[in-house]
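I've put the structures underneath this note.
What follows is chain A paired twice: with chain B in the first complex and chain C in the second.
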Partner chain A sequence: MDFSLSDLQQMMQDSVSKFIQKDYDFETRQSLVNSDLGYSEDNWKLFSDLGWLGLPINAEYGGIGGNLIDTIFLQEELGKGLVVEPIFSTLMLGANLVQKHGSSEQKTTMLEDVISGKLKLALAHAEGPAAFDITQISTTARKEGDKYILNGHKSVVIGGASADKILICARTSGKVGDENGISIFIINPDQQGTSTRAYTTNDGMRAADIKFNQVILDATSLLGEADTAFNAVDQVLHEAIVALSAEAIGIMGVLIDKTAEYLRTRQQFGNAIGRFQVLQHRMADMFMETEQAKSMLYFAAIEMAENKTNAKRAAKMLKVKIGSATRFVGQQAVQLHGGMGVSDELDIGHYFKRLTSINTLLGSKDYHLNELIKIPAIRQ
Partner chain B sequence: MKILVPVKRVVDFNVKVRVKADGTGVDIDNVKMSMNPFDEIAVEEAIRLKEAGSADEVIVVSVGVQQCQETLRTALAMGADRAILVKTDALVEPLAVAKILAKIAEEEGTNLVILGKQSIDDDCNQTGQMLAALIGRPQGTFASEVVVEDDKVTVIREVDGGLETISMSLPAIVTADLRLNEPRYASLPNIMKAKRKPLSEKMAEDYGVDLKPRHKIIAISEPVTREAGIKVADVTELVAKLKSVGAI
Partner chain C sequence: MDVNFTTADLTFQKEVRNFFQNEYPMDIREKQEKGIYLKKDDHIRFQKALYDKGWAGINWPVEYGGTGWSATQKYIFFSESGEAKAPRIVPFGLSMVAPVIFSYGNDEQKQRFLPDILASNIWWCQGYSEPNSGSDLASLKTKAIKDGDDYIISGTKTWTTLGQYADWIFCLVRTDDSGRKQEGISFILIDMKTPGVSITPIITIDGTHEVNEVHFDAVRIPAKNLIGEEGKGWTYAKVLLTHERTGIARVGESRARLNALKELLDNPSNDVHNLSQNTIFMTRLLEVEIELKALEYTELRVLSAISTGKAPGPKSSILKIRGTEIIQTLDELFLEIGGIHSLPYLPDQYCDASDFEAIGPSFAAKTTATYYNNRKVSIYGGTNEIQKNIIAKQVLGL
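The block that comes next holds the complex of A and B.
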């Protein structure tokens, strides 16, 4: 198989990597994390000018029309800089869902605004007991005349604090466990009856818990058709696993490079500590874990992009592999750096924190492992 | 007005280069290659002049191996109009490159050639000056500002102890210094457009110039590792120490 990058992928990777090197060093990133907003609006405008916000959006809506494989190279580079701007929530979750489930008018207006940087989106799908499986949600939208009455609670809505519009998964019919009966509503964060508690997550990103108490919504708030959103959301969440895993691959690559450099520099017992075989073994194991995870990422990305029969199974397998690889690589990087590996001043601990968050987002390793046991592979 | 910008493919400035075990050169196998940073500044300046209406066309040219076309595509993605790749697998020195550039400048009828002041691999800082001599036109080296008006170009040069402003009649040669501008990032739409922009390929031999190297590299070695310093208590001890090592 030919794994060489296309011209577009290569040049995009160069462009993003140059941005991270020149304008997004660790101190800059930390100052953004500690700012009121939690990210930079100037950067957001730059991302729009550079066309990054249009990458996964179809050309008919003014985007670049890149597929999932193209987006993993963007995500990988963003991971290397621990970028805090809400690209993942806006593009990989929000815009992707609009593209898959929105009416043609919604696609035209909303996606155009996403590309131009005017509209940031967030997807509120997770609830306490339903972190990934949206058939288990208990948020409801009851139809009354031509209105919907929304009640419920969403937790850890990534990018929920900065989003201009939030896409809410709610049950409009059926019972818990049914795939049919899931709908998506587009709401403004300040909609009456909505209360938002925004906070900084462990990895420096922003999220929000949102409660809905008798929120009255027009039928125009509905994204696409009622009751039929399950397939689109499920597909978006599995594609998001691939995108998020690409970010983890970028982070693990940085941790390996930085740790190897440190082992070549740090002197102990008259030698650079990298000369000790026991530490070389650890570095080799970190490298192997990352390479295996990378192979799994490419496999899942190709399966998902080509919509193969076992594509979602591949995405779940990827999440499991990312779960074990990131934990191993992150812990080793911290240990090999010694105490300063967890200090706030050094970036190593921050990379580890982001990896830890990635593991809990979109279903943990254990959750997906359990799902894999339940779903047998389909022979093709 | 046509602007010609030569660009060189070099080892990326972030890569820590290592000397080959046999000392014959720098190991560039599996090493990330990029456009020479000073050339990137030159490309940016040419594009800005075009955007300001001072130029009609920006042509980028690279002399080297087939992979140099990636560097040319990057320049096209930044906003250059077309590219010329002059292929050769041989080691080309600044004089050979300057001779090829002189032929291209003549063929294309370019009014202004903007080069990076030097490449970060060989650090020669010769090509621009040699080109100016070969075509017999004025040169404004180490530019930190370039203004084109009618048939004149004004260049502010970074010289020892300050800035020097010179005015030259076109056609002219300008070499870009670090502070001339901040090069833009290539946007995705422009990267897509760059794929459709014309890139013509020629062989170095087609220009009928003598490319033979004038130098022979005898050896390449790593710089001497800096040794740990010592701390002195006061100026008297510092002076005594400097005297003892013969520094003063």
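The block that comes next holds the complex of A and C.
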């Protein structure tokens, strides 16, 4: 039993932490949020040079070959800086799915381009009623001869506006609810019949709604084999819960440090407000929530990385814990900062906003609790 | 990052599991299974079985007959013990007074006291709290006045758990009230048979006699019963408190109770209220399961830090707070599944092993008593509010 970091994990943590301290303060981040692109291409190149983009990609495709546990240390540090570059969508969703479901040729060409920073990816899985469970999607790709005709509407595709290629989850056979019959198509955003509406999300990130109207795709657009993508996508989404939760842990750590510092310095009634027990206990609760969420992160990361029997259940349990922890810690960090907590000028509110998104992304706490209730009690 | 046990750890785990399944008296095991309260003799026989196995001194150094176990081995022991519903070790001798004696006592004291503690020949109790000194323990007033080679002790200690069985009591007493209140406190050992010591029971809301008041009316004890230096008792007690918190989270025991709850739900004859179809109840059950799993990993993280030579630190306050919150939530869930059958007050059913016709399912009568009794867990050992003060001060710098 050992929770100390491996050399790779330590290196990754140091590398990201150094970058954020040196080149990614809050003002810089905000100027990127407010820029046309919404992030920095120079940073993206730098991330490639620093090796971050190769972290979760297998060595045979030129990556570092880190596992899911390794990625949580990258994600946690990125969270601390509220980094807006599309690492989550490109690596944790897109590249991970290519790696799990692509043909060997697709893996070779696409993953190499991801590592070198040439290819940004997005995964278009979600639709209004199907935020997490892709068996519920209604986007279809009908086979006609050796072509597929794609119709449908994907909502809130994270990183969807900046992605060079988008992976679309579509139904090629079966009916709503079936695991069989799900396929993934690789499309260019400017593909004929595709319309993209890009926007900023509440947390300063970028996303897009993408509509497909009779988009004609040839068979080479298919990622891997047809009809069989469910398991790969489901696995990727559960792994992405772990990665996203790690980001939340980084954010909550920052909020605790910053709020404690504020309580030590802010004077009211002739005292630092941190002298007041009601605030001390609130902060102790925030600290405990964060530590418990971090423990849950380690549990789920290890279960998923080792492919244990109850691994997906562990990921869902993590999302529930992250849901309650992010709500509590985010809201209380704002509350304890008083009026400053709700001012746009201060970073606290922006960390809070990202936590709010994280609870909603990949299925909220309530969603996963409900899913867990459906799974019969499994003896531990 | 790795939570897997080594081959040696796994072998150890098997040995521990086997002990709790086969190697301690079967009648005690049966009582534990049925949820019947143990008597004094049961506790002693269980602890003597541990002693015979060489496992009594879990946190003791090998030179005093301790196990010398690693943090991982201690974790395995407590985890298996909890899951097997084994009795908890009565902590006052083996895990509370002994570490103070082997850390701060002189050679004569070590030879005199440690062997009998290890073999559970002597029953110890704790004299810390007083009627007017609870959370503010350092305000304690029980006086020890030096008189030649003796101390004269006067005052009252309270919430003395199982003091009715005790042969000896270890006390924090005031030897000086001129300076800072923490600095005038000394750590002293008192034979309960000394003239002037008297004990009165306190009955708790579950109807049981577990705690007591202990009165000292000019009790004359030899000065050689003082441990370490006069005025250092507060320091010793504090060191003891953070010395070893393995097992304080009681994860293994809570996991066993969670599984017991699930088993009750699985059996339709128990689940008379259809709670398994009640989303609100099932949500609460799931949330406590998640919290418990997180706590298991928090404990593993603390242990991992200890095994790499770091102090567990004030973060272990989380183990106490969340561990007790989980215990109390499980109590509520049991109360819920007990339903109306948790209402009758039937102490005979869990105070005595004799045949007793249950009203409703056999587990139901005890649910309320356990719920009441466990209100103590967030109060004793430093209330959960005091634990939060510790986190705020020592972790967050407030």
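Here, the second predicted complex is superposed on the first by the 376 of 380 C-alpha atoms of A that agree within 3 Å, B and C clash if a C-alpha of one lies under 4 Å from a C-alpha of the other, contacts with A are read in each partner's own complex, and residues count from 1 in each chain.
Just so it is clear, contacts are C-beta pairs under 8 Å (C-beta built on N, C-alpha and C of every residue); 3 or more make two chains touch, one makes a residue touch a chain.
Treat the numbers as computed from the prediction; the structure is a model and nothing was measured.
By the touch criterion stated above, A:F3 is placed in contact with chain C alone, chain B being left untouched. Judged by the touch definition given at the top, the superposed model places A:V342 against neither chain B nor chain C.
With both structures placed on the common chain, the touch criterion links A:V33 to neither chain B nor chain C. By the touch criterion stated above, A:A198 is placed in contact with neither chain B nor chain C. Of the two partner chains, chain B is the only one that A:Q21 touches; chain C does not reach it. Partner contacting the larger number of chain A residues, of chain B and chain C: C.
When the two complexes are overlaid on their common chain A, residue A:I149 makes contact with neither chain B nor chain C. By the touch criterion defined above, A:I373 lies against chain C but remains apart from chain B after alignment on the C-alpha atoms of chain A. Contacts of A:W52 after superposition on the shared chain: chain B is touched, whereas chain C is not.
By the touch rule above, chain A contacts chain B in their complex via residues 7-8, 10-12, 14-15, 18-19, 21, 46, 49-52, 54-55, 64. Listed in rising order, the residues of chain A touching chain C in the complex are 1-6, 9, 69, 256, 260, 263-264, 274-275, 277, 279-281, 283-285, 287-288, 291-293, 295-296, 298-299, 301-302, 317, 320-321, 369-370, 372-373, 377, 379-380.
Of all the residues in chain B, the ones that touch chain A in their complex are 14, 34, 70, 73-74, 77, 185-192, 194-195. Those residues of chain C that touch chain A in the complex are listed here as 1-5, 9, 72, 75, 255, 259, 262, 265-266, 279, 282-283, 286-287, 289-291, 293-298, 300-301, 303-305, 307-308, 315, 318, 321-322, 385, 387-389, 391-393, 395-398.
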